[in-house]
Each structure stands twice: as structure tokens, then as C-alpha cells.
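Two complexes, one shared chain (chain A), two partners (chain B, chain C).
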Partner chain A sequence: MNGYAGQILRIDLSARRSEKSPLPDELVRDYIGGRGFAAKLLWDEVPKGAAPFSEANRVIIASGPFSGLFLPASGKITFASKSPATGGYGDSNMGGHLAAELKYAGYDAVIIGGRASAPLVIVIDDDRIEFRDAGKYWGKGALISEKMLKEDLGEDFQIATIGPAGEKLVKFACVSHDFGRQAGRTGIGAVLGWKNVKAIAVRGSKTIPVYDQEKAYAKGRQMYEVCFSKPGFKEWTPEGTAGVTDWVNEVGAFPTRNFSTTYFEGHQDINGSALRTRIKVTDKGCFGCPIPCGKYSRVKFGGKETYVEGPEYETIALLGGDCALTSIEDVAYANYVCDELGLDTISGGNVCAFAIECYEKGILTKERVGRELKWGDLESVSYLLNQIANREGIGDLLAEGVRTASAELGGGSERFAIQVKGLEWSGYEARWAPSMMLSYMTCDVGAHHNRSWAITHDVATGRDSLTGKADKVIELQHTRPLFDALGVCRLQWVEIGFELQHYEQMFPLVTGMPYDWKQLLKVSERIWNLTRAFSLREVPGFGRQLDYPPARFMEEPVPSGPAQGKLLTRDKIDALLDDYYKKRGWNADGVPTREKLHELGLDFVAEELATCGRL
Partner chain B sequence: MKLATRDELCSGCRVCQMVCANENFGENNPKKGVVRIVAHFPDPGRYSVKVCDECGTCQSVCPVGAISKNDRGALVVDETTCIGCLTCVEACPHGVMMTHPSRIAPFKCTLCGRCVEYCPRGAIYDADAKRA
Partner chain C sequence: MRIVVRATGMLRDLPPFAEQGEEIVVELPAPASVRAVIAAAGVNNHLVMAAAFDGQRRGKDELLIRDGELLLIPPLAGG
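What follows is the complex of A and B.
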């Protein structure tokens, strides 16, 4: 099958068995790859009502038709599961070299089910599938484990690991790879931990067939040449995503002290320039990437050198501004702590900031926490991260995420538990950015920015107006996740203005399928409705009531900085949601209508939702 | 053409391997690329790039004389003469006489220059052109 490796690998951990099957034509036709494969496979394979931590839940690892091919940044892979953080559809994607390697080994997707009786490593070496005892790696950090596995298996293996946080079922445990890339969000590291999977190691030697090799190769060369010709090619790379830090502050959208305000006075000490000039060792690229955003850094604490990939922007926002850390060195160290423990830096920073605010307000006490907590204090943050990853003391509660923690702690802390659907908010405060706010509210996995990064649209088109915002969010929610289905990074398009038409031209050359961009966007809309339906099926009460932001964003005007005085009151939030649902073809509770599902070829979803009483 | 590297510029993206395999084998498979990247992580956090400098060791150790120059001046392996003994692979000082499970004969750089052209970072360059 052109553009694909052609096989799905299914692993039953309980039976320590694996099985290969041909990639189904209709899965390719209707869902393309990556996140599309993940959504459909989860829908089909996870029985309704299965607990996230259960043998019945699955972890899906899926690449796309562009993954591993000769075109810019073709290294994206999706990890998906029924999320322990939200109870609904969860996925997270990462770069690095795993997607490409998995395809060279002969697999477009891996479906991991069951539960191993003892910790193991899944080794995929071309056709050979092996389960190795993971006793010596269990309890070890995610980075250390990867290093040990490279020594044990060979440098040419591409390896995904979990850290202690995944083993201890922290709801925001991530999957780590290539010493610094993470599938960070929605707690998939914890699902692997529950299943006793410490690592997945992959090595492949096969060739990925493409429909028209000669033309695809020529198009690939042209795509690189176009990237090389963009002004951003040289300008953007030196700081990568960290370079946006100043701008986000200038527009009053920077998470600061648990999102209490949106401008951080010390942002010049944790920005891209600080990263580039003070701690960066090298640029570190994912597979095929011409503009590597990965910044590999070194910091010295207590006479000991620490290496970490990052901090990238999201980490700077959540561990930096949101916890008020005052130097790029402190942020980098906290980044390292998260990476080694196997914690998502976004949720990790958000949860720490929440705990510090609780402490400040007397909701958490020194006795309960075990020490003082202070803004801008690396020791406070580092202490909390370790407590969380090991589920010790207050960490056991914080490991559940801010939604659960605030419900338990009370004292009005729900107001400043900054999350949607149980997933902690990422790096853009949105009280003065209605389309960004709507993006977070309606993101299928919870409060994540990457489905629709709409803040530039707000700034460009008027931040006090609600007009046209829902349209833009929907457009972005189809365009951006399409990259996750294709298995390619979106940053060439987002950051240096690489045109979408190139992907459209490449798709038929690679796959032989005559889809134009509009048809590909239709597939993306199908996937979007399917992931929404998955959560409607799985989460009691899912729908409009879980699309609201925290009360802080609707009731507390921004107290300082460029966005001072701004907020989006509940009536505005409702107006945004009404407009969005209508334009999506969903009802007022945010449920896709039968007509919309039919239009998207999702009649089987309509039937299932009717059975559940949701349609 | 003489390939040379600036290791400190490499970001480990493997575009060199991909363009090489596409150019020389018509395949999407970096395992058939003849540039070798060694990643030194987690510390000290850098890459080494290994390319063929046409030193001639492979030719001198080949027991059957299967290695000779192509019209670009690159030493290449004649598959029909090669007996697959892999002596050249062991002897190559840079580890860039390559093997692949799908092939009996090893293979190496043909001096096509695509890696120089498409390395996004300028980490591989033509030392002759630089002198010129």
C-alpha cells in the first residue's frame, strides 16, 4: 500500500502475544493515518465504559502516510488511549525518529492491549517481536532508561520510555523519546505504566513504497528548497518555539502565577534569547526537519551539569511564568526534572502553580505539603514534581490533576483549577483572545493549544469582537490536526510560511489516492466528530457543560499588564459556544446531529450514540 | 568533490540519509543512505557526521578487486564482482561502507553531492568547492 508500511501490529500483553495484520483499505481511505487511525481504532477496540486503567483499554501508536518519507519534518507519531486524565478520547503526538523507524520496521500502527504480569519492554526489530524483562529499568528515569536501553539493545534502536510518574499512574505522565521529545498530554504514560510497559524499542530496515517514486522524490526536493528560501528558515530556528515568549507577554496572554495574570515581569530572563545565549548547546532536530525547534541545553546546579532538551515555549510558560521561576536556568532544571520523572511539563507546571496558589490562600498548609511553597522558587517546584511522580504526601492528590485536586481541596479552588475536561490548560491565557478561548474550550482532548492556535487571529482581527471567531477555530481544528493524521509536523507552515499546497501536491504522489486538500479537510472533520463522539460515549455528562473554561476566566478581570481589565463573561462564552455548535452542525449541547454524522459517513457513530441515549 | 563536515551544525535530522537513498537507490529508506550520524546524548549533546573521504582503504583491502572509481571519481563497489566478504566494511575508518539486509554487496558514497545540496544546516560541505 503506497505511502504506508502496510501492516498493523497488535500486542496482547496479558498473553505476551503479538499478531500482524494487513492495514485495512477502508481505514486508510476514511481516516488517512496517525490521529485518524488512532480515533477509529479506539472507537472500535475499546469497549464502552472500559476504565482507562484496564486490560480492555488500548494504547494506539500510529504514524501517517508522510511519516518517514523524504519531505520536510516527516517525523510525527500519535499516541492515543482512553485518557486517565479526562476519561475521554486522549491523544498526544511527538516528533523524533520513532514514526519513521516504526514504518521501516513494517508497521503503520501498533495496538497495545491487556496487561503484562511484570514490567516489560516491547522490542520490535523488523519482523521479530520480543518481550523483554524490564526489571532493571523499572523505577528508573525516562532519560536514564532510554540510555540504558540504547546500551543494551543498540544505538540504532528508536526508543519510547516512561518514567516513574507513568509507573505510579500519575494522570499527566508522558511518553518520552529521543532524550527530550514527549507525547506529553492526556496521561498516556500512565496507561503504559498500568499495563507494565516500561518501553517500546523499534528498529526497522525496510523501504516504504510510494506511488510515484520519481515525482515524489522531485517534489520532496522542491519542498526542502522552498523551506530553505523562506526568511524564517534562518531567523526562526535559533530560538525555536521559545522565541515567541516576548510576544505572548506583549499581547497579554502569558500564563503567570497560575493564570492569575497574563504578563510576567521577568519574562526577559526566561525567553528565547536567554535560552540561546545562556544555556543552548545544540539545535536538535526531529526526522527530516529543516528548522529544528529542539534546543538542547546544559545548566549547572550544585556543581553538577544537567542536560535537557528545552525548554520550549510551553515549558517556559507553565514551569516558567505560571510558577514564576525567574531564570532560564531554573526553568531548564525544572524541565529536566519533569523529563526524567516522565511528567508532562504543561500539566506539571500548571499543577505546581495551582498548588502554590492553594498554599498562598491557605487551602494547603505547610503541614499537609511538608514544606513551604513559594512563587519563583525552584525548590518548591522541584519538591512538588517529585512528590507527584512518586505519589508521596500531597503529591498523591496532585497526581490526579487540578480538577480532581480542587474538588477534594475545596475552598473555592475550583475557580482557579485551570483546566477543561480534566486536562490542564497550556501556554496561552485567553481572557482577551476569544478565538483562543474557544479553541481551548472545544479542543477534543481538553485544554490544549495545538488543535487550534488562534491567538494570532485574535490579535489580527480584533480581540474584543466575537464575530468570525468560531469560523476560524473550526477551520484551524480541521487544518492543524490534519498534520497529525498525515504524520508530518505543522511548524513549517505555522512558523516559516511554508504553503499548504505542497502537502496537497505530495499526497497523491505518495499514496496514489486522488484527494485534494478540501477532501483531506473533510477527513479531518470526520476525525474531529469521531473523537467528540468517543468522549460523548465514554464520559457521563460530556457535552456543553464540559466546554466551559474555569470561573477565573469568566469572572476575574485580568489584574495587570497589557490585557488589564479584560475578561470574557459567561454570556460571551455562551455566545461563542452557540455560534461554534451551530456552524459545526452540532446541537445546543454540543452533540453532533444525525445529519452531520451522516454527511461525514459516520452513521455507525449515530447509531451508537442513540444507543447510549446521547442522540 | 570532497565531502567534509561541520559536526557542530548537525541537528540529527537525517535529511542527508534520505536524499542519499532516494538519489542512489530510488527508495525511501535511510538505512540505504551512506552518511552516518552518531548521536551523543544525553550528554554532551552533540552529533558526529561520518562521510566518505575517498581514502581508498576499501579498495586496498578488497580481495577481488571489486572496488573502482566511477566517473565522478568516487570509489564504488561492483556488485557482480563482489563476493560479500565484508572485509571493506570492517576496514573502513569512518564506518561508511554500508550494508543492508536486502543486499549482498556493501555500498558507499557515489559523490552525487545531494547531501551537500539538501543538508538544511550546511553540516556537510564540499571541501573542494570551498577551496575553489
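What follows is the complex of A and C.
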């Protein structure tokens, strides 16, 4: 099967058994790879109503047809599971080198089910699958564990680990790899922790068949040359995503003090320039990447030098502005703490900011927290992150995420629990950005930006207008996640204007499948509807009610900065949703209609939703 | 002062570059800030994240005093 390793590896942890099976033709045809494989395999494999922390839940690891091949940034892999954060479909995409290595070992996807009786490491060494005792790594940090495993197994293994947060089932625990790359969102690290999987180590030595090797090689070469020749290539790389920090402040969209406002007066001390000139050691890229977005940095804390990959923009926004940390060094250290503990920096920053605001308002007390909490105080943030990862004191509640924490704390805190569907909001405040707001509201995994990064569309087309916003969001929700199905990074396209036509031209050369871009987008739409259906099947009350943003964004005008006075009232939010559902072919509650599901070849989904009473 | 303004990424697909092509030539008295040059080219300053003058990164409030090429970079992030 061209472009694919050709096998799925199934692991039953309870039985300590593995089984290989051929990659089904129809899975390739209808879902392409990566996120598409993950969505379909989860739908098929996880029984309705299975708890996220249960033997029946699965962790799917899936690469795409471009993963590991000679073309720009072909190092992307998807981790997916029924999310402990949301109860619905969860996935997170990760760079590094794991995707390529897994395919070289002979597998396009790994399905992990059951639960090991004791902590273990899954070792995938070509055809040899081994379960190793993880006793010596359990309790250790994610970065330290990766280093130890490299020493024990060999430098040529690519390793994904979890930290203490995953072991303690923190709902926003991540999967870590390559000393600073994460599958950060939706809590998949916690699912692995529950299953007693400390790490997955992969080494492969095989080749991947390609439909037209000569032409694919020539095309790959051309793609690199085009990337290198792009205006902006040289200017973008030195700061990576951190370079956008000033701009997000300029347009009044920067999360500041738990999203209470949208301009951070200290942003110039935590921006891309501060990163580049004060702490960056070198650039760091993933497999095959021509524009390395990773920035490897060094900071001193407590007299000790600490190295960290980052901080990238999202971390700057949520640990920086949202917690009001005032130096890039403080943000980098908080980033390091999260990485070692195995915490998602987006949710981690969000939860800390939520706790600080609760403290400020008297909803949390010094007695309950164990110390004072202050904005801009690295010790407050570091203390909270450690309490959370170890589920100690107030950390045990905060480890559940802001939705659950606010439900227990009360006192009006649900108004400023900044989440959608149980997933904390990432780095773009959207009270003056209707298409970005809609993007967050309708993202399939919760409040995440990467499915539809539409804020520039708002700025370009009018931030007070709702017209055309739903169309743009839908277009982006099909285009951007398609990269996650192909197994390639979208930053070349997003950041330096690398044209989409190159991927369209490469796809048939790699796979032999005569799909044009329009057909690939149709596959992406199928995946989008399937992930929505998964959550409809699994989460009681899923639909319109869970698409709304927190009350703060609908009822509190932005108090300061460029967006002062702006908000999107409930009637505007409803207008956005109505337009979006209609254009998607969904009903007024956000449920795909039978006709839409039929059009996408998802009749089996319609049948199951009907039996659940959702259709 | 004669500045050749060029765009990258999504800026090429938006006005004025979408209508006028890859380059827009602006003539204005020196000194002028990067922000002023961007405005004189008819580009929305809020769609420009960064600018490079003859290959050197420049802040929007920095002054330009001679002829050259100004490359405009749109907001870049979004994972």
C-alpha cells in the first residue's frame, strides 16, 4: 500500500499481548491517515459509554501517508482517545520524530487498550514488541524519563513519555517526546497513566513504499526549494510562533489575567524579541522541517541552569499574559516545570490563572490553597503546577480542569472558567473576533485554536461584522485538520505562504490515489462530522449548549486596551451558531442531519445516533 | 524616498496586493516610520505582524531614511 507502512499494531495491556493486522483498504480510502484513522478507530473500538479511564477506552497513535517521507515537515503524528477532560472525542497532534520512526518500524497506527497490572514501557523495535517494567521511571519527570530511556534502550529509539501528571490522572496531562514536543491537549497523558503506560519507545529500519518514487523525490526536492525561497522564510524562523506576541496585543486579543482583559502591559518582556535576545540557545526542528519553530532556551532559576524547548506563543500567552508573568525567563521556567511534570501549558496556564482570580475574589482562601496567590508571581504559578501534578491540596481539585473546579467552588467562578466543552481556551481572546470566537466554540475537541485560526480573517474583513464568518471557519476547519490526516505540519502553509497545491500534487505521487484537493477536503469534512458524532454519542447534552463560550465573553465588555468595550452578546453568539449549523448541514442543536451524514458516507453513524436518540 | 513594498503569506491574497501585484512602490519624504510606509501603501497596519527593511527586521515605529525594500510579514502563528 503506497505511502503507508501497511500494518496496524494492536496492544492489549491487560493480557500483555500484541497483534499485527493489515491496514484496511477502506480505512485508507475514506480517512487517509493520522487524525482520520484515529477518529474512525475510536468510533469503532470504544464502546458507547465507556469511561475515559477504563480498559475499554483506547489510545490511538496514528501517522499519515506523508509521515516520514522526503517532503517538508513530514513528522506529525496524532494521539487520540476518549478525552478525560471533555468526555468526548479528544486528539492532539505532535511533532518530533516519532511518526517517521513508527512507520519505519512497520506501523501506520497503534491501538492501545486494556490496562497493565503494573507500570510498563511499550517497546516497538521493528517486528519485536516488548513490555518492559517501568518501575525505575515511574514518578520521574517526562524529560528525565526520556533521557533515562535513551540511555537504557539506545539513542536511536524515539520515545514518548508521560510525567507525574499523567500518572496522577490530571485531566490535562500531556504526552511528551523529543525533549519538548507534546501531544498537549485533551488529557491523553492521563489515559496512558491510567493504563500504566509510562512510555512508548520506537525504533524502525524499514522503508515506506511510494507510488512514483522518482517523481515524488523530485517533487519533495522542489517543495523544499520553494520553502527556502519564500520571502519571510529568514524573518520568521528566529522567533518562531513567539513572534506574534506583540501583534496579538496590538489587536487586543492577548489573554491577560485569566482573560479578564486582552492587552498585557508587560508583553514586550515576554515577546519573541525577548526570547531571541535573552534566552534562546538555538532553533530546534522536527523531522524534515525547513522552518524550525522550536526555540531551545536556557534560563537560570535558583542558581541552577535549566534548558527548555520554548516558550512558543501559546505558552507565552497562557503562562505569561494570563498569569501576568513579567519576564520571558519566568515564562520559560514555568514552561520547563510543565514539561517535566507532563502538563499541557495551555490548560496549565489557564488553570493557574483561574485559581489566582478565585483567590483575588475570595473564592479561594490562603488556608485552602496553602499560600498566597498573586498575579505575576512565578512562585505562585510554580506552586500551583506542582500541587496539580501531584494532586496535593487544592491541586487535586484544579487537576480536574476549570469547568469541574468552578462547579465545585461556585461563587460565580463559572463565569470566568475559560473553557468550551471542558477544554481550556488557548491563546486568542475573541470578544472582538467573531470568527475566532466561532472557531473556539465549534472546535471538535473544545476550546482549541489550531482547527481554525481565523483571527486574521476578522481583522481583514471587519471585526464588528458577523457576515461570512461561518463560511471561513468551516473552510479552515476542513483545510487545517487535513494536515493532521496527511501527517505533515501546516506551519509552512500558515507561516510562510507555502502553497496548498504542492500537497495536492504530492498526494497521488505518494499514494497512487487520484484525489484532488477538493476530494481531500471532503475526506476532512467526513472526519469533522465523525468526531462531532463521537461526542454526540458519548457526552450527555452535547450540542448547542456545550458550544457556548463562558459568560465572561458574552456579558463583560473588555475593560481596557485596543478592544476596550467590545464583547459578543448572546444574541450575536446565537446568530453565529445558527449560520454555522445551517451551512454545515446540521440541525439547530448542532447535530449533523441524516442527509449530511449520508452525503459523507456516514450512514453507519446516522444509525447509531438514531439508536442513541440523537437523530 | 522610494520604498518598494512587498508582501508575504496571506497578505498577497488581500488588497492592495491582490489587485496591484507583488510590489507596491511608495514615494514619500524621509524620514518616515515603517507604520507610515505601510499606510501609504494602502495596507491595513493591523494585518502586518513584522517588517524587514532590506533584510533587517524593523519595528513599526522605526524610521526609514533612504530608498529600499520593505517586506511585510502577516501575523504568523496558529499551530
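We adopt the following convention: the second predicted complex is superposed on the first by the 615 of 615 C-alpha atoms of A that agree within 3 Å, B and C clash if a C-alpha of one lies under 4 Å from a C-alpha of the other, contacts with A are read in each partner's own complex, and residues count from 1 in each chain.
Following the convention adopted for this analysis, a residue touches a chain if its C-beta (ideal position, glycine included) is under 8 Å from a C-beta of that chain, and two chains touch if they have at least 3 such contacts.
On a predicted model such as this, the values are computed, not experimentally measured, just so you know.
Shared-chain residue A:251: touches chain C; no touch with chain B. Between chain B and chain C, the partner in contact with more residues of chain A is B. Of the two partner chains placed by the overlay, neither chain B nor chain C lies in contact with A:124. Once the two complexes are laid over each other on the shared chain, residue contacts for A:343 go to neither chain B nor chain C. In the superposition on chain A, A:134 makes contact with neither chain B nor chain C. Looking at the shared chain after the overlay, A:495 reaches chain C, while chain B stays out of its contact range. Touch criterion not met for A:60: it reaches neither chain B nor chain C. When the two structures are aligned on the shared chain, A:199 is found in touch with neither chain B nor chain C.
Note for the complex: chain A touches chain C at residues 230-232, 234-236, 241, 243-244, 246-248, 250-251, 313-314, 427, 449-450, 453, 455-456, 459-460, 491, 494-497.
Put simply, chain B touches chain A in their complex at residues 8, 11-15, 18-19, 22-23, 26-32, 38-39, 41-47, 100-102, 118, 120-121. Looking at the complex, you find that chain C touches chain A at residues 6-10, 12, 14, 44, 46-47, 49-50, 52, 55, 57, 71, 73-79.
Across the interface of their complex, chain B is touched by residues 68-70, 97, 100, 104, 126, 143, 147, 155, 178-179, 204-210, 213-214, 217, 220-221, 224, 227-228, 233, 281-292, 294, 296, 298, 305, 307 of chain A.
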